[in-house]
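We call the chains A, B, C and D, going by the order they appear; numbering starts again at 1 in every chain.
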Amino acid sequence: MSLDYTAAEMMTVTAARALANGTTCFVGIGLPSEAANLARLTHAPEVVLIYESGTLQTKPNVLPLSIGDGELCETALTTVSVPEMFRYWLQGGHVDVGFLGTAQIDRYCNLNTTLIGDYREPKVRLPGGGGAPEIATNAGEVFITVKHSRRTFVEAVDFVTTVGFGRDGRARDGVPNIGRGPTRVITDLCVMKPDPETKELVVVSLHPGVTAEQVQEATGWEIRFAERLETTPEPGAEELNVLRELKARTARHHAGNETGAQA
Amino acid sequence: MAEFLSLHDAVARYVEDGATLAMEGFTHLIPFAAGHEIIRQGRRELTLIRMTPDLIFDQMIGAGCARRLIFSWGGNPGVGSLHRLRDAVEKGYPQPLEIFEHSHAAMACAFEAGAAGLPLAVLRGYVGSDLPKVNSQIKFIECPFTGERLAAVPAVRPDVGIVHAQKADRAGNVLVEGIIGVQKEVVLAARHSIVTVEEVVDELQAGPNACVIPGWAIDAIAVAEQGAYPSYAHGYYPRDNAFYKAWDEIARDREAFAAWLEEHVYHAGGAA
Amino acid sequence: MAEFLSLHDAVARYVEDGATLAMEGFTHLIPFAAGHEIIRQGRRELTLIRMTPDLIFDQMIGAGCARRLIFSWGGNPGVGSLHRLRDAVEKGYPQPLEIFEHSHAAMACAFEAGAAGLPLAVLRGYVGSDLPKVNSQIKFIECPFTGERLAAVPAVRPDVGIVHAQKADRAGNVLVEGIIGVQKEVVLAARHSIVTVEEVVDELQAGPNACVIPGWAIDAIAVAEQGAYPSYAHGYYPRDNAFYKAWDEIARDREAFAAWLEEHVYHAGGAA
Amino acid sequence: MSLDYTAAEMMTVTAARALANGTTCFVGIGLPSEAANLARLTHAPEVVLIYESGTLQTKPNVLPLSIGDGELCETALTTVSVPEMFRYWLQGGHVDVGFLGTAQIDRYCNLNTTLIGDYREPKVRLPGGGGAPEIATNAGEVFITVKHSRRTFVEAVDFVTTVGFGRDGRARDGVPNIGRGPTRVITDLCVMKPDPETKELVVVSLHPGVTAEQVQEATGWEIRFAERLETTPEPGAEELNVLRELKARTARHHAGNETGAQA
């Protein structure tokens, strides 16, 4: 008997399941943070979460609103400076998985979080790279989680903020001392993995009830599907409970200090 | 040797029009009080440096203080865009803003190199990214031992560095605790440094390896209670997430922003 | 993930003949117990790396473990020479020792660069010194921004890094406190790391920014009480200055040294 | 009426007096450490002492035997890592004075602490450079204190471990971003300063009772004397008291933990 869950919950649970217990994960804010903490609170109690604010092995009780929330420091094993975080922990090779979101992604997993339009005359200016450009190359591998839409999954990103495999899929070839790059993309519709040879994204698993047509409809290029297309396993009851409690706790917490008086 | 000054006097003495100014605090301990004082004193043509411009630079850019911005992530964390920053970049309002855009790793290394007195930082960075195409400050060097191609960026060595911290002792030694970001680096890399603190205490009561910045490495210390509000100070007060959310509405509209600035900065005297 | 092993087993598993081995502790927390265990296990042809070889490397060199030494200050602090080191360099006894000699600044930067995963460290160093003439590892690069000539040395990235620390918790997280030297850097720069500790505790009770090395960045932890003796462990025991002075006499004479080694290392079982 | 003091005490007191109150001083072990602490305990209570072990603004009650004695950390404002010490504090430009000893020195203040003889076939192997090579170039200026003898003051150092002004006195010319180099050398016989033009050491002051002939006798080259040769002021009673108490305290302390049993 199937449980009741939303597409967003399906995405988060699937993304969480991708993180194996014991993995060291450099966590991006938003969807990745939600998934990584769900993993920690369910099947992966020993997952090590690192945020770019310098908080090592943090166990937030509520989801942080920003990358540097007090909760992250208070529940961390220790907190180091930001240069140390990027130099020793990320570039030093101690991160297994970088977990990222994005605003745009193309078939070679290149990510754009910089802008829509032209750099000097942007239509929309986005926040920029932050930690992502080096997370993507210095972590052992990269998971990406993002909602599936034509606005996000585009034929060509307007700007390569963060490399996947480059415009031609070959950007990592022969570059020494970098990670494997993106190994899976988890959306609210499906799971994709890069083709081992061409590095082009291939849909390997459709979420229950989702059709290939829906995925193609939400993707800005002619997307490939694996020959043996699987159905993503559904969320379990405990996963959904833990996720919903986490989100409720988070909402209460962030509402709790909404004094806002001084504004 | 750190001199205890009012925030007004510290800013008046060290922050000049056209200066290169780094104001740090990674989400935590953002020196808002100092930013507001700079707006009140009407500084212009500043080159602003911060990894995450955050509301503080959105306000300073909106108020017309800035000509140039060096940064690595320009959003309102957990909320969305920085509308005053976008308005300056996209529409040139209230004046055009030239941007030099980096990744966090590169900027963190640039602060580290600045503190280390070096002219450049070297990192394994920007592989495959378009950022080097649009930022002339990003170059590449070859390792003389391995031949590896590595990124190089200029060290950050600002005219003035401003950070906020929890406390200073009476000799001007400062304790920073919690998320320490690049606070120490900014103070050490800057030609002149101002540290605002929540309070002055007799004893810092710091552990043997705590992040303590000696008074002789600081130019001015100014007490600014709640000086990081609406960001937070570990051990003192939490982040006002509601204000960060409310900011979206205020900053989206030029007039709403102007009204906010009038009421909460220009007419707020020396308070945050 | 740190595994708790006996010191014997940790050394047996990770330290192989011919390995590149960094053993750090800047005067404080020198991993003597581990050094003695390596002597007992008869390791040979090691490339030893330490800023200050100190008595620990004098003993290991005298015992015939080393073929190469990378260092920056090779004396008995406050006493005089390291006679076993000198005997190896000057007379080739018990076997020739090839040396790569640096300054402290360069080695500290080389450890930092190793921890940072870089192939090289860049510093404003060796200006006017003859060291670059005798150490082929020292090169110079030109800053692409300023044209300044800066020194470059290869990062230290040893096969094995060994340090001693005050305590570990049961998950293998380690607290280092006091003079922290390049302890964290060695652990992070090494392919495999062994940390000996005075004790294992339930709670590290460390401050928010203390020097804590997470268990998942360490390969093996071995309890070695008094494991830094005759150097010291902040909060546990002081340095045995008398032994450092007495060492001069012992190490000056090959036979006296051999007798000391026999009694205090070979016949000392697993004790320090 | 003259006090009774030794030549060594004269040297230490003179070296101590060179350190102005409020100066930030990177201290070498041995004679420099003795002088710097004497300064701190007499006329320069606000002098900031830094040791290469990472101890910032330390106020040891007894003289350290090594550069990393526990006493240095326990009395420090804070203790940083050794890379931070050399990168941020020394190279970062926060040190006014580097205070060094040496085994050999030549007329251009080049220092040798590496070896006597040839590098590959040394007659005597000395400890090496340690912090000195970069202290000498990254500190604002350098003071040197060393006992005067022909063995130490040599025509040509066997090895330039640490640059003064180079073999020809010109090594600092045109080198950007380095300090002024040695500005005074204090021995048990006299005080010397580099000639502002040629950088050759010139005796500017003889200690009471010392003759120019004695200095020349103890120097391995034909040393220059200033036209207006001064007499170094004698130690004061308080300086001598403080110095003797410091040394007695130090001797008691280091004897105190001479258990040595385990050796």
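As a working rule, contacts are C-beta pairs under 8 Å (C-beta built on N, C-alpha and C of every residue); 3 or more make two chains touch, one makes a residue touch a chain.
All values reported here derive from a predicted model rather than from experimental measurement.
**Q** Which chains sit in contact with both members of the pair subunit B and subunit D?
**A** Intersection of subunit B and subunit D contact lists gives C.
**Q** When A-C is set beside A-B, which has more C-beta pairs in contact?
**A** Of the two interfaces, A-C and A-B, more C-beta pairs touch across A-B.
**Q** Quick one: report the Å distance separating subunit B from subunit C, using the average Cα coordinate of each chain.
**A** The mean C-alpha positions of subunit B and subunit C differ by 39 Å.
**Q** Could you please state the distance in Å, as a whole number, between where the Cα atoms of subunit A are centred and where those of subunit D are centred?
**A** From the centre of subunit A to the centre of subunit D is 56 Å.
**Q** Determine the centre-to-centre distance between subunit A and subunit B, using the mean Cα coordinates as centres, and give it in whole Å.
**A** A distance of 27 Å separates the two centres.
**Q** For subunit D, what residues touch not just one other chain but two or more?
**A** In subunit D, the residues touching two or more other chains are 73, 79-80, 87, 91, 138, 177.
**Q** Tell me, which residues of subunit B touch at least two other chains?
**A** 112, 117-118, 123-124, 146, 148, 178, 180, 184-185, 206, 208-211, 234 - these are the residues of subunit B that touch more than one other chain.
**Q** Would you identify the shape of the chain contact graph, picking one of line, ring, star, complete or other?
**A** It is other, because the touches fit no line, ring, star or complete pattern.
**Q** All pairs of touching chains?
**A** Listed in label order, the chain pairs in contact are A-B, A-C, B-C, B-D, C-D.
**Q** Note which residues of subunit D are touching subunit B in the complex, please.
**A** Subunit D residues touching subunit B: 22, 24, 48, 56-57, 73, 76-80, 87-88, 91-94, 138, 177.
**Q** Which subunit B residues qualify as touching subunit A in the complex?
**A** Residues of subunit B touching subunit A: 26-28, 51-52, 71-75, 77-78, 81-82, 85-86, 89-90, 101-106, 108-109, 111-112, 123-131, 134, 146, 148, 178-182, 184-185, 211, 229-230, 232, 234, 238-247, 250, 264, 272.
**Q** In the complex formed with subunit B, which residues of subunit A make contact?
**A** 29-30, 52-55, 64-70, 72-74, 79-83, 85-87, 90-91, 110, 114, 119-120, 122, 125-134, 137-138, 159-163, 166, 171-172, 175-178, 254, 257-260, 262-263
**Q** Per the contact definition, I'd like the list of subunit C residues that touch subunit A in the complex.
**A** 1, 112, 115-118, 173, 184-185, 188-189, 206, 208-212, 214, 216-217
**Q** Along subunit C, where are the residues that touch subunit B in the complex?
**A** Residue positions touching the partner: 117-120, 122-124, 139, 141, 143-146, 148, 150, 152, 154, 177-178, 180, 206-211, 234.
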